[in-house]
Amino acid sequence: MSGFDKVVHSYEEAMAGLEDGMTVIAGGFGLCGIPENLIAQMKKMGTKDLTIVSNNCGVDGFGLGILLEDRQVKKMVSSYVGENALFMEQLLAGELEVELTPQGTLAEKMRAGGAGIPAFFTATGYGTPVAEGKEVREFNGRNYIMEESVTGDFAIVKGWKADRYGNVIYRHTAQNFNPMAATAGKITVVEVEEIVEPGELDPSQIHTPGIYVDRLILGTFEKRIEQRTVRK
Amino acid sequence: MSGFDKVVHSYEEAMAGLEDGMTVIAGGFGLCGIPENLIAQMKKMGTKDLTIVSNNCGVDGFGLGILLEDRQVKKMVSSYVGENALFMEQLLAGELEVELTPQGTLAEKMRAGGAGIPAFFTATGYGTPVAEGKEVREFNGRNYIMEESVTGDFAIVKGWKADRYGNVIYRHTAQNFNPMAATAGKITVVEVEEIVEPGELDPSQIHTPGIYVDRLILGTFEKRIEQRTVRK
Amino acid sequence: MALTREQIAIRVARELQDGYYVNLGIGIPTLVANYVPEGMEVMLQSENGLLGMGPFPTEDQIDADMINAGKQTVTAATGASIFSSAESFAMIRGGHVDLTVLGAFEVDVEGNIASYMIPGKLIKGMGGAMDLVAGADNIIVTMTHASKHGESKLLTKCSLPLTGAGCIKKVLTDLAYLEIEDGAFILKERAPGISVEEIIAKTEGKLIVPDHVPEMVF
Amino acid sequence: MALTREQIAIRVARELQDGYYVNLGIGIPTLVANYVPEGMEVMLQSENGLLGMGPFPTEDQIDADMINAGKQTVTAATGASIFSSAESFAMIRGGHVDLTVLGAFEVDVEGNIASYMIPGKLIKGMGGAMDLVAGADNIIVTMTHASKHGESKLLTKCSLPLTGAGCIKKVLTDLAYLEIEDGAFILKERAPGISVEEIIAKTEGKLIVPDHVPEMVF
């Protein structure tokens, strides 16, 4: 089954082919469910002028934030970038471009990109700065704006368990943007906590079918917590 | 938890409020995963002039096909209606309107309807009779047509297991159109084979979250097989 | 006296109904969860992909893979479901959430809301707020009525970049509960001990004051 | 001799590659699954929501909830996944399927295909065919070269309502394998014992015949 064995054995192999100027779609919400080792590999490779499509840009020193340290990122497409001082510094200095995109629109743009839908209409952002330059159209008496889909040269994804066919499940809210990101990469790379035998995952319960996955790698994860809140 | 107890105890209650002229979105593919008892209840109610949005129209004498017997259906929105002689008869006699819709477009129209997306673009159907009267637009050098979403006054859905919160999972390929249908009804009614205790379903493995479900009923099912094929 | 954060949360909680699916924004809205009336059950939707958010975890329960939209560690309640961001916003955008509560910098008489950006000062992003205000029918905005310097945040026209246009109908400030209708704020209730005059003075947008404006009771 | 149904399937199977995700239409295309070369693994996508379709079930295994797009009872292979119709067509429309094989009534030199409707006679619907031809890059159409009455089905312009416009590049008939390029059919291979002359005679659309047209070997 070599053709369906998506497993690679090094992070070099996992991110091989990443080049300057490429667009990378990344799963994760805050620091939850982020492909932390794939990001670290990108830092190691030193690839520049990247456009990163991800809900957030990590924090200073962790997650996508580490790509800012060597100015690898040209542009971020995100809904929220508030947790990152270096980000703000580079943004205000004009060294970094940001395309603020509503969270739901961002998720839908990824899904649409993977699903062969080049554009869709949403009421989200109508009448706001997000609507600037976008077509407005009325349906059933309400105004909507047209949003175009997004695809990446690479998609980097963090899963929980996968089989070597590339079937992936996510754990709890570490699912977030990962399933959509997985569909929208020309090359989709998934890192997981556990690789299980084919047949172990219930076919009806797979979050990301293997057809979307090009490379799969077993990783170990720090899983840093952003806001540790406990019950008294 | 009365507010989240979606369980009703009779099919009368399940379909209460269905009126002549309404639009009903139905899950199912062929005879697989169809809400057979909800359909039977619609026949019993004798509601007329219905618009039914469903991939197929059952067969003669089973599934949605039974609604044709008393001419309850004004219009079908389907991708394939080839298994039903009575359907053809009424169609050719001009007694029934049909809007043939490509299967993927139909699935996406339901999803978009439930997801607050009034329209999307697809290459499916460009240059064919399906494109007639629809806007054509070019994205990245390719032509796409605009398709509008669909919603129903009712959605009727067949699940496998559910809890009383209305969280539903589907069994095997009986999933098909059911999850999208569930999102697209003003009133969504789900019939299932088993109602389990809250907490029994893994939260990360729920196909239809309870927020989409208004009424839930326990049923027994014939599950007629359309093409019984066996290995020699 | 102006309402405390807790009183704002308590007042919002009175809008809850049994069986409501509710999205609570970061900050004061989050507190609403603490004041769900006895015998009533609501499910909290967290837009990162959790319907049925439970309380914060105990130390033992803490799990990096279980967070809310504020990136706080949380738990899942009985009957919860967990799903992708696309599914989460399908719910939100599709109008399936019964009540959304969120903060704002400014609202105006047209129902516009500005809550995500102060040009040149704050450019963190809108997160899910634009989807929430566009997708929900029933939104309560919680905010202070005026700035520390006394400048009204209930305006004729928002001065900051909008989060949503024409989508807000209910505003609860530390001074009053108001509804927006036909290009005006309608003063519905006032905070205990707050005079109608003070509210008038601190409301820049057109304000309609009925003959009787009941005082909130806590 | 014109190819048999089995030979058509065998010839199509030669286009398979290890690791291909393949959607096989109803009829002859379904037979391709029987001729996957030894040592090669492909996964069959069935558009009703099954990736990794296995063989038909034994009597014991028959399950009304496990069918393929032809409504036949099937099984799931190891590594299969099962999902909604929306997800299934996201895969198809998004171009994730490596090879699609389907039948047709007519194709033409512009790569148009007609396969779903004969006005006044057959109005069953397009099912998933329009999505399949629009979504796939790599499509093989299998069909008879001409009608029983000798009328060509490889045309200058399709006469029947189209299933897709400009999307077909490869056609395998009972007489020949052809590719469509720049407004013409290019004759690539002929069935064993079928003369170039017969193919010319039965091809109404512009046909380019290279100097050497190899005979298929079975």
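As written, the chain order gives the labels A, B, C and D, with residue 1 at the start of each chain.
Everything that follows uses one rule, which is that a contact is a pair of C-beta atoms (placed from the backbone, for glycine too) under 8 Å apart; a residue touches a chain by one contact, two chains touch by 3 or more.
Here the structure is a predicted model, which is why all the values come from computation and not from measurement.
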Task: Other chains in touch with both subunit B and subunit D - done: A
Task: Steps needed, at fewest, to go from subunit B to subunit C via touching chains - done: 1
Task: Contact-richer chain pair (by C-beta pairs counted) among A-C and A-D - done: A-C
Open item on the list: Suppose chain centres are the mean of their C-alpha atoms. Which chain sits farthest from subunit A?
Closed with: D
Open item on the list: Need the CA-centroid distance for the pair subunit A / subunit B, whole Å please.
Closed with: 32
Open item on the list: As a quick test, compute the distance in whole Å between the mean CA positions of subunit A and subunit C.
Closed with: 29
Task: Whole-Å separation of chain centres (CA-atom averages), subunit C against subunit D - done: 55
Task: Intercentroid distance (Cα basis), subunit D paired with subunit A, Å - done: 35
Task: Interface hub residues of subunit B, defined as touching at least two other chains - done: 108, 111, 115-117, 122-123, 171-172, 175, 203-204
Open item on the list: Using the touch definition from the top, which residues of subunit C touch two or more other chains?
Closed with: 76, 82-83, 89, 92-93, 134-135
Open item on the list: Please classify the inter-chain touch graph. Allowed labels: line, ring, star, complete, other.
Closed with: other
Open item on the list: Touching pairs of chains, all of them, please.
Closed with: A-B, A-C, A-D, B-C, B-D
Open item on the list: Quick check: in the complex, which residue numbers of subunit B touch subunit A?
Closed with: 108, 112, 115-123, 137, 139-140, 142, 144, 148, 169-172, 175, 203-205
TODO: Going by the contact rule at the top, pick out the subunit B residues touching subunit D in the complex.
DONE: 29-33, 55, 78-83, 88, 91, 98, 100, 102-108, 110-111, 122-130, 160, 171-180, 207, 223-231
Open item on the list: List the residues on subunit C that touch subunit B in their complex, please.
Closed with: 17-21, 40-43, 45, 51-52, 76, 78-83, 87, 89-97, 134-135
- [ ] Spell out the residues on subunit D that touch subunit B in their complex, using ranges where they run on.
- [x] 46-50, 55-59, 62-68, 70-74, 76, 82-86, 88-89, 92-93, 112, 117, 123-131, 134-135, 161-166
Task: In the complex, subunit A residues that touch subunit D - done: 1-4, 111, 113-117, 163, 165, 167, 183, 198-199, 203-204, 206, 209-212
